[in-house]
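The letters A, B, C and D name the chains in turn, as written, and every chain counts its residues from 1.
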Amino acid sequence: MTFDNIRTICTTILYMISSVLFIRGIKLLGKADTARKGNLLSSVGMLIAVVTVLFEKEVTSTISFGPAQNAYIWTIAAIALGGIIGAVWSKKVEMTGMPQLVALFNGFGGLSSLLVALTQYMTDKNINIFSSIALGLTIAIGAIAFTGSIVAWGKLSGKMFKKNVTIPAKNAINGLLAFVGLVGVVIYALSIAGVVGADIGKIGVIIVTCAYLVLGLTMVVAIGGGDMPVIISLLNAFSGLAAAFAGLSISNSVLVVSGCLVGTSGLILTLIMCKAMNRTLYNLLFGSFGSTKKGTAGEQKEPKSMSVEDAYLILEAASSVVFIPGYGMAVAQAQHAVKELCDKLEANGAEVSFAIHPVAGRMPGHMNVLLAEANVPYEQLKTADEMNPQMSNTDVAIVIGANDVVNPSAINDESSPLYGMPIINAFEARTVFVLKRGKGTGFSGVENPLFTNDNTVMIYGDAKQTVTQLVSEFED
Amino acid sequence: MTFDNIRTICTTILYMISSVLFIRGIKLLGKADTARKGNLLSSVGMLIAVVTVLFEKEVTSTISFGPAQNAYIWTIAAIALGGIIGAVWSKKVEMTGMPQLVALFNGFGGLSSLLVALTQYMTDKNINIFSSIALGLTIAIGAIAFTGSIVAWGKLSGKMFKKNVTIPAKNAINGLLAFVGLVGVVIYALSIAGVVGADIGKIGVIIVTCAYLVLGLTMVVAIGGGDMPVIISLLNAFSGLAAAFAGLSISNSVLVVSGCLVGTSGLILTLIMCKAMNRTLYNLLFGSFGSTKKGTAGEQKEPKSMSVEDAYLILEAASSVVFIPGYGMAVAQAQHAVKELCDKLEANGAEVSFAIHPVAGRMPGHMNVLLAEANVPYEQLKTADEMNPQMSNTDVAIVIGANDVVNPSAINDESSPLYGMPIINAFEARTVFVLKRGKGTGFSGVENPLFTNDNTVMIYGDAKQTVTQLVSEFED
Amino acid sequence: MAIGEILLLVFVFVIAGFLGVELISKVPSQLHTPLMSGTNAISGITIVGAISATAVALHTDGMLSNICGFAAIVLATINVIGGYMVTDRMLGMFKKKGDDKK
Amino acid sequence: MAIGEILLLVFVFVIAGFLGVELISKVPSQLHTPLMSGTNAISGITIVGAISATAVALHTDGMLSNICGFAAIVLATINVIGGYMVTDRMLGMFKKKGDDKK
């Protein structure tokens, strides 16, 4: 057996081990108890894969070159640079900023695959038709994942593209871009097959790169910010696919396996998330956002409001209370105060639970994280499905900085952009307290008819302050 | 692109399609609604795979040979022969005979893999070390699947090996056989590597063949017939693995994929079945069966018995009745009569349900099939877990030809071979009717203390007759 | 066979193994027998190997290998045809229930 | 690259795809974000391709390809390191709950 054969065997076995670690990692990530271990396993798999590639022939053979062309020096420099940037960003991000950071990272991953394909295009002289098609698709998918993720990041962080741009004939334009890009791939493949010249092939590569970079932009820019978590998940699946195609084009098995795993598991996760928001992926991608009406503007009643003292009297008499937290609780960092109020109410004999909407806040699980931080026991956190049937037997529902997730238009106003989203039926409670600072709308920008209901009482002010005042009323 | 390249591409794509059909097929087989469709899909996959191999180079190149060496003639003849045998057997088997037929088929599959490996051994001149190891393992696993399945078939059909042979130092002998066989594989691989001569390699092949043929026998012959369904499932996983290794040795992807799918899904199914019978796989394979005691032989009370007329009077007064069917109902083909009795009881105002034990009868799901045939609605069939908590509120439990699955020794007699198996707690009912022909024991051969309980009444006679008489009592 | 191909086959083997584990999770007990029998039919895929090995054997002299190959095809076919038919019969029995339910 | 190897890679691709589908089934909604972020880190596996492509680029002249490759490694590393760390931080927050529960 030659040295090269032994090398191939060893590297393949190591890649296999790392693929298995990714498989186990993804599996464990899907369960609450084991998720952290799953993440650890998959990072070990990544480490093994990176170390392994350093022993591949094309890398080791650069040892003999001067330092300016030694792959180890380049690689270590690049990893050090990237590692520091990644570590710093992920350390200093706040919780509410996490989804957009994930989007940004994902964009980098897509761009990286795109650059890998371009580098291979520029240097690989022995490319065959098959690899050329894979290379073209890597460019396409990497590009769309890149610009799409950047737009998603901009929308979520509020830095860019905040407005939902309405592109006329969106689907036609996007379809055209997708088609033109694929023509570029075909042109490039034909140049490799020798049917057309290398210059024309170059044009093909440029076409696909540009078309899909633009496509990522036009596709995502027209989608509302509320749908961004789903879009990020979809783009994540894309960047996995891009890695898989890059693997096909440079013929690397671990890229193929793990990229494809991410691609399909990401797609499934996307569908699961769509279902939680009662959207279809088709509607989200191809539906027109333009028809947004700001609710029925007709009879605009003025919401009633109440002082904290009066609210206290009602709360004291309540025997069942449901908290419905939303993004405002996160902004006000009111979770600890809420927990205190919960304790007071329980000491007062009331039955207290929390109704957690799957998309309350700005990322899935946002409320769970905050309330866990404030030591609210897991058993008290109920899902919308568990809570809604009991809502009509609830004395007081306290909506803390939530808005869209309790908007009854989602149930009874077909013209509302929220229509069809499952909500928490706060309006069914005997009395509804809404704690918010003013008349601001929620993430979707849609007016909330709940606030003008007869059984709804607004308690204006920062959520944390209001709740703290309620707690001190109980203490007196 | 050469013709051979095009051929390789087409065959691989077809194999891929057939692998995907197997994957979907197995997935669908696991759900009640889609199981039949899953079986159909996987059979289409098989058809595609078989047609595809007929276009492989080694097959097409025999066209130029005379009829005596034309692969198509041989193949079609063999398929016709095997197809007829398979079709006839599967058509004429009775339901109770199905598990042993599956075992027999499985043995054939294992033997086929073994023969494939031997054929390749005799003819393939370009074999390398890797293939030789795969070939050796194919022989080993195919052999164990073959003899093991034949023994399982013999035990289940009662034709052979019915007695549980106790092999002294069973585990040591089996371990030795397994080890010796592996040494045979190594010897053969060494001969391919050129370390030892081809003659010695031949001895290696003979050693592994014989050792694992014997191992299949010694392993399974010592296991009780009641555990056979689990063993068949395990051997099924083995024959899948054998096919996968055969695929590795002749480098055929569809064999590798589908063989390995069967191997691991079979293993998981085995574990699921073990759990349903409250056994561990380890205990089943390596535990000693020798210590079987026939219950406590001490104070042997005589069971009380009752006439059908007296039983009728009790039944007429009962307001809740549970049927517990077992193998005897299948033997007596009493399911239709039971359904009639069930209708009479319900007309009489009683609440009737059926408690179905997972291993009642002679194959998993046996009772479900029979009662479905008799149009008992699905909702009336309860599992042991659902039924047991309500058993103490039941007026009459009617045990119809069941024995082991209602044997309380499984709960309270640690020395019983049944100890630990989940049972249906018939003994907790206010009155227990046991319908059986005489004093025969059940499958396990263990005495049943339930029969001598104070609240138990035997109604001797063929189950169908007894039930029919009860029905006519109701009609009068 | 190139070393790269062999290794990729092993890769396929490993991944297919994990897939097999995932495919079967919670199976109701009445499906145990059909599932066993259905996957048993799939393990008859060795028929593809048998046909290929027989064809190779027909290229060489030696009658023994031809006969071995022939027998391998026959046995695998019994496994395949019998396996699928028995499974279908079993599942057909369950079907009755569904029909009556609706 | 031999045609056989390419085809086997495609095979690996297909099976891994099915495995990916099976791996994720019922995920509680609070795990959606960490799962997304964790698989996002895995998609940084393109770092392996980036290192390999950069090494190939260093064999040729053309500075542009070297820089492209370098940038690819940097970006993929950010994705990998950042992705794993953010995921771990998120999951760490959930952990508190578990600790208190016990």
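Keep this in mind: contacts are C-beta pairs under 8 Å (C-beta built on N, C-alpha and C of every residue); 3 or more make two chains touch, one makes a residue touch a chain.
Per UniProt, the chains are A, B = NAD(P) transhydrogenase subunit beta; C, D = proton-translocating NAD(P)(+) transhydrogenase.
Keep in mind it's a predicted model, so treat the numbers as computed, not measured.
**Student:** Tell me the fewest steps from chain C to chain D, where a step is a jump to a chain it touches.
**Tutor:** Minimal hop count between chain C and chain D: 1.
**Student:** Starting from the Cα centroid of chain B, hunt down the chain whose centroid lies farthest away.
**Tutor:** A
**Student:** With respect to inter-chain C-beta contacts, which pair, B-D or B-C, contains the greater number?
**Tutor:** By number of C-beta pairs in contact, B-C is the larger.
**Student:** Provide the C-alpha centroid distance between chain B and chain D, rounded to the nearest whole angstrom.
**Tutor:** 42
**Student:** Nearest whole angstrom, what separates the Cα centre of chain A from the Cα centre of chain B?
**Tutor:** The answer is 46 Å.
**Student:** Taking each chain's centre as its mean C-alpha position, how far apart are chain A and chain D in Å?
**Tutor:** Taking the average C-alpha coordinate of chain A and of chain D, the gap between them is 16 Å.
**Student:** Provide the list of chain B residues touching at least two other chains, using ranges where the numbers run on.
**Tutor:** Residues 23, 27, 253, 257.
**Student:** Touching two or more other chains, which residues of chain D qualify?
**Tutor:** Residues 4-5, 8-12, 15-16, 18-19, 22-23 of chain D touch two or more partner chains.
**Student:** What is the shape of the graph in which nodes denote protein chains and edges denote touching chain pairs (line, ring, star, complete, other)?
**Tutor:** other
**Student:** Run through the chains and report each pair that touches.
**Tutor:** Result for touching pairs of chains: A-C, A-D, B-C, B-D, C-D.
**Student:** Over in the complex, which chain C residues touch chain D? Could you list them?
**Tutor:** The contact residues of chain C facing chain D are 2, 4-5, 8-9, 11-12, 15-16, 18-19, 22-23.
**Student:** Over in the complex, which chain C residues touch chain B? Could you list them?
**Tutor:** Interface residues on chain C, with respect to chain B: 1, 5-6, 9-10, 12-13, 16-21, 23-60, 62, 64-66, 68-98, 100-101.
**Student:** Name, in rising order, each residue of chain B that touches chain C in their complex.
**Tutor:** Where chain B meets chain C, its residues are 22-23, 25-27, 29-33, 35-36, 38-40, 42-43, 45-46, 49-50, 52-54, 56, 58-59, 61-62, 65, 69-71, 74-75, 77-79, 81-83, 85-87, 89-91, 93, 95, 98-99, 101-102, 105-106, 108-109, 111-113, 115-116, 118-120, 122-124, 128, 130-131, 229, 232-233, 236, 239-240, 242-244, 246-248, 250-269, 272-273, 276, 358, 363-366, 368-369, 372-373, 375, 377-378, 383.
**Student:** Please output the residues of chain D touching chain B within their complex, sorted ascending.
**Tutor:** Where chain D meets chain B, its residues are 3-4, 7-8, 10-11, 14-15, 18, 22.
**Student:** Once bound in the complex, which stretches of chain B touch chain D?
**Tutor:** Touching chain D from chain B are residues 5, 8-9, 12, 15-16, 19-20, 23, 27, 253, 257.
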